[in-house]
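The following pair of complexes shares a single chain, chain A, combined with chain B in the former and chain C in the latter.
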Partner chain A sequence: MKRLMIVDDSLIIRRRIKRAHGLDEFSVVGTASNGEEAVALARQTAPDLITIDLTMPHMDGIEAIPLLASICPDARILVVSALADKATAITALSRGAHGFVCKPFTDDELHDALSELAADLPAR
Partner chain B sequence: MEKESIEVFIDSLAHFYRQVGVGEVQVGVPYLLDSRTPMVSDFTGIIGVSGKRRGCVYFSCPKAMLSYILTSMGERDNSSEHLCDLVGEIANTIAGNARKEFGADFMISVPVVIQGEPERIHLPDNTRCVVIPTKWKSYQSIIVVALE
Partner chain C sequence: MFSGLLGKYRAVVISIAMFIILDAGVLVLNFYISSQLAEDASNVNLAGRQRMLSQKTAKALLDYQDLEVNGSKASADASLEELRKAVALFDSTLNAFAKGGDIKGASGEQLFLKPVSTPASRTAVDKSMAIWQPLKQDFDALFASEVGSEKHQRLLRKLVGEERSFNLSLLTLMNDLTVDLEGVARQKSETLRMIQAGAITLAVLNFLLILFHFIGQLRRSDAETEQARNETAEILRTVREGLLLLDRDMIIGSQYSGSISDIFGQQEFAGMSFRTLLKSLVVESDMKTAEEYIKLLLNGSVKENLVVSLNPLSDIEVSLPDRSGGYQVKHLSFRFNRAIDAGQIRHILVTVLDITELVALRAELERASQNSGMQISALKELLHVDKEALVIFLRESESSLAAINDILKERTTGAHDYHDKIRSAFRIMHRIKGDASGLNLPQIVQAAHGFEEQLRALEGVEKLRGGDFLPLTLALNEFFRLIGDMKDILDAFSSPVANLREAAKRPGPAQLDVAMLERLASRIAVEQDKEVKLVIDAPAFDLIPTGQRKVVQDCIVQLVRNSVVHGIEPRDERVLYGKEGAGEIRISMQQDNGQIRVSVRDDGRGISIDKVRERAVQRGMYSQDDIDSMQPTRIISLIFEPGFSTADKADEHSGRGVGMDMVKAAIQQLNGRIRVANRPSRYCEISFVIPGEADAYPVAEAV
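Let's turn to the complex of A and B:
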């Protein structure tokens, strides 16, 4: 089972990702509602995969991504954001994210993106 | 505001409905708000906009409509907390998706959610506020775009 951490300031979105169809191979090890919480949670849970929103209070995703990448260097980080412009995606990727799914997303889109990143994880 | 800019917000909302699997939304004819008093329904998600454009974008709709969408999304809990979260997320999606058209200089805030209370919305001065009426099933909602 791959260990998944979900970071989003929307409770509905956190629950939606948790409940998405086809994610049976992922075990949710924790959820966070902003970047600060995510950094603390990543230290405790050492996730394999992280989904992260960009627009969040306290610490946004763009700020949190490099911190998460340094805490969990092997983890794969998937941005799940409504910010649909190319420049934002490029910025997120340059700061350590590995993929980008635009909100609103379907279960299939989320599953495909997470599965692709999971396949790229180093063997433990 | 140019016609294309208004269409960006309409397309974003229509995309939201399609992606969450609740069907199509009907869009009415946009019009200008002729007073400085904001129109609101039961729940409103407001996104502040800064950068190249300044002002706000908000989405407002009835409680029953949010409950219906939540249920359609598989949520059993229709508490106020979840309804507020959902209307904020819809507003965030509408404004965030608009960056595909406006670019990264269209900077958006986290959502602020109000229940009723139109006096809490501050429309920017010297701005024409465009109201986009929409209808999903029997529920009326609005997107208001107030940008300098």
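Let's turn to the complex of A and C:
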């Protein structure tokens, strides 16, 4: 069972991801509503997969991604964000994320993206 | 992998194996035959020795006979000993030739001799044995007998005699053996030479085979490589997409498609940095983003298909040099794909597409789909409209648009004339809008409103020129098309069409279109968040000359609209003044002395003279002094002047101050007069009197 952490400032999106169909092979080990919470939570839960929004209060995705990547070096990070600005998203990915899914997304899109990233995880 | 290699090089491997086996075989044979040759040589030697021994025995025997008699004892003994040795050696060697056995070699070494096998040797050996064996017995007896004894003497004489008779035969036989063994040895060495020659020939053949095979294969693979290269070049030359490879440092590879030159101009791209190529196309920040994106693709832990949507160059507008040396605006689409070799991201394959036409097509499609959207919604509108009225409306709108077109085309001399044009066009368009609104044709209303907006924008321009009217002509054409489309739809859906055509020819409505007026009033009221009821008393409509009915109805439409928008208050306000929540608009029409009197009266807030004053000054129609000197009735008449409006914002129903000046102009055309009865906060009644069917009134000044 892959351990999934969801980081998004919108409760609706967090629930949307949590309850997306076909994610039975992932167990949600924590949700955070901003980068700071995410960093703290990642230390506790050591997730395998992280979905993260870019625009969030306190600490945004751009700042949080390199920290998360250093806390859990094996974790795969999926940016789930509205495509307002490609440059920002590319910067975020270059700082240690591994994929991008555009909001709004379908259950299938999310599932496919997470599965693809999970395939790269080292076997435990 | 090994079996794969073997498969590819099977022929070569087999050839080489054969070569080795052949060589090894020749070597083994060589060893074998060489040893045989050595053996044969020693046989020949031994046979030669036998030949010599046969003579030596005879000589030693004669010497001994002589020395035994005349010589000293010592020399006789030595001679006997020599004889003994010669006999023993000859005997053992001959026995070995016959049956095989160990003998002493030429240099005293012990060696094994095989029995001779060839028939000639056999015969020689057998014959020799037959002669030798009795001789040997006598020799043995001689050696056994005591020297000097009678027996010894007798045996010696017997042996000398035998030797004399058999010596030559024995010599000949031994010679035969030697010759035959020599022949055998020669034959064997001959065979060896043959085998060697054969093996060498085979080896050479094998070598040639390998050589030709290799050369053939090389030539074939060269040809294949060449063909593949040609095919690649062909593909790169003809492919429409611009294709190029970037290495990890974003340097363009040596192979790229011809379209790259078509798109970016003739120059050498191999070895050029992708940055240099982009530099002339996109701004610095976009280039950085593109670079970052390519770096993402080079990072193996990032999922390629999870970043496709971030490609910053998927659709960019660029200025590129064209063949004539100028610049051309194009839309380019870059695609980036990883080129993976042996699990490593070696290159990024860049695909460049010129999507200029595609973008244009897309825009066209969008327009078309908007258009078809129009048709459907226009169709829906048309389904609810009274067809006769619609046919009339469309026909009249067309002629109205033609009129606007004429006005716009007319030559003008000064800015003043331009503004007159605008105002005339405005009036006509406003009437179309009013009619469309009455028929509930929102699309036409919208189009008319849009046209009015454009006119309004022009009105604000101080120094108008002919060119400023160009956009209007385009908008007008669009409008024509819209009306044309509606006619088409109507034709397509009406049956029988001829009836409608006929109806269109009728000069005017027989009755006042009460339903239309009610629809109009209630619709505007809803939009304004007001309530209104229409009371219509129009028995005299049919007294109006048929040619004038339409104009009269248009005026009523305008006045009703004016009442709803400007007269009737919102419900709350009315209740506050102690009025009914719903406003009342009364349309009445009476015949009076051969004239027709039409009035539209609402129980709204009336016309505020102060507001009209204020507005007229604000709009620059008159100076404050002029206004101050005007009588209240004159002030009220200002609402019929072009450009006056008391509503605060322009919407499609009001606020342009055109509706009322259109009414005035229309009534004047009918030789009629306008009257206004107004009581602030209570009511406002606008009425006009026009000559009846019988006679036309002389032109009278309105108000």
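For this structure, a couple of remarks:
The rule is short, and it goes like this: the second predicted complex is superposed on the first by the 121 of 124 C-alpha atoms of A that agree within 3 Å, B and C clash if a C-alpha of one lies under 4 Å from a C-alpha of the other, contacts with A are read in each partner's own complex, and residues count from 1 in each chain.
Heads up, the rule we're going with is that a contact is a pair of C-beta atoms (placed from the backbone, for glycine too) under 8 Å apart; a residue touches a chain by one contact, two chains touch by 3 or more.
Values in this document were obtained by computation on a predicted structure and should not be read as measured data.
When both complexes are superposed on chain A, chain B and chain C sit side by side without a clash.
Contacts of A:Leu83 after superposition: both chain B and chain C are touched. In the superposition on chain A, A:Pro57 makes contact with chain B only, while chain C stays out of contact range.
Put simply, the three-chain overlay gives an angle of 80° at chain A, taking C-alpha centres for chain B and chain C and rounding to the nearest 10. When both complexes are overlaid on chain A, the residue A:Leu93 reaches chain C alone and has no touch with chain B.
In the superposition on chain A, contact is made by A:Glu116 with chain C only, not with chain B. Between chain B and chain C, B touches the greater number of residues of chain A. When the two structures are aligned on the shared chain, A:Thr106 is found in touch with chain B, with no touch to chain C. Legend: residue contacts after superposition of the two complexes on their common chain; A:Met1 is shown touching neither chain B nor chain C.
Once the two complexes are overlaid on the shared chain, A:Ile12 sits against chain B while remaining clear of chain C. After superposing both complexes on chain A, the closest C-alpha pair between chain B and chain C lies 8 Å apart.
In the superposition on chain A, the residues of chain A contacted by chain B and by chain C overlap at 83, 87, 91, 102.
Within the complex, the chain A residues that touch chain B are 9-13, 15-16, 19, 55-57, 81-85, 87-88, 91, 102-106.
Across the interface of their complex, chain A is touched by residues 15-16, 19-21, 70, 73-75, 81-82, 85-86, 88-89, 92-93, 95-100, 102-104, 106, 108-110 of chain B. Every residue of chain A that touches chain C in the complex is listed here, in rising order: 78, 83, 86-87, 89-91, 93-94, 97-102, 113, 116-117, 120.
Those residues of chain C lying in contact with chain A across their complex are 285, 288-289, 292-293, 295-296, 299, 301-303, 305-307, 309-312.
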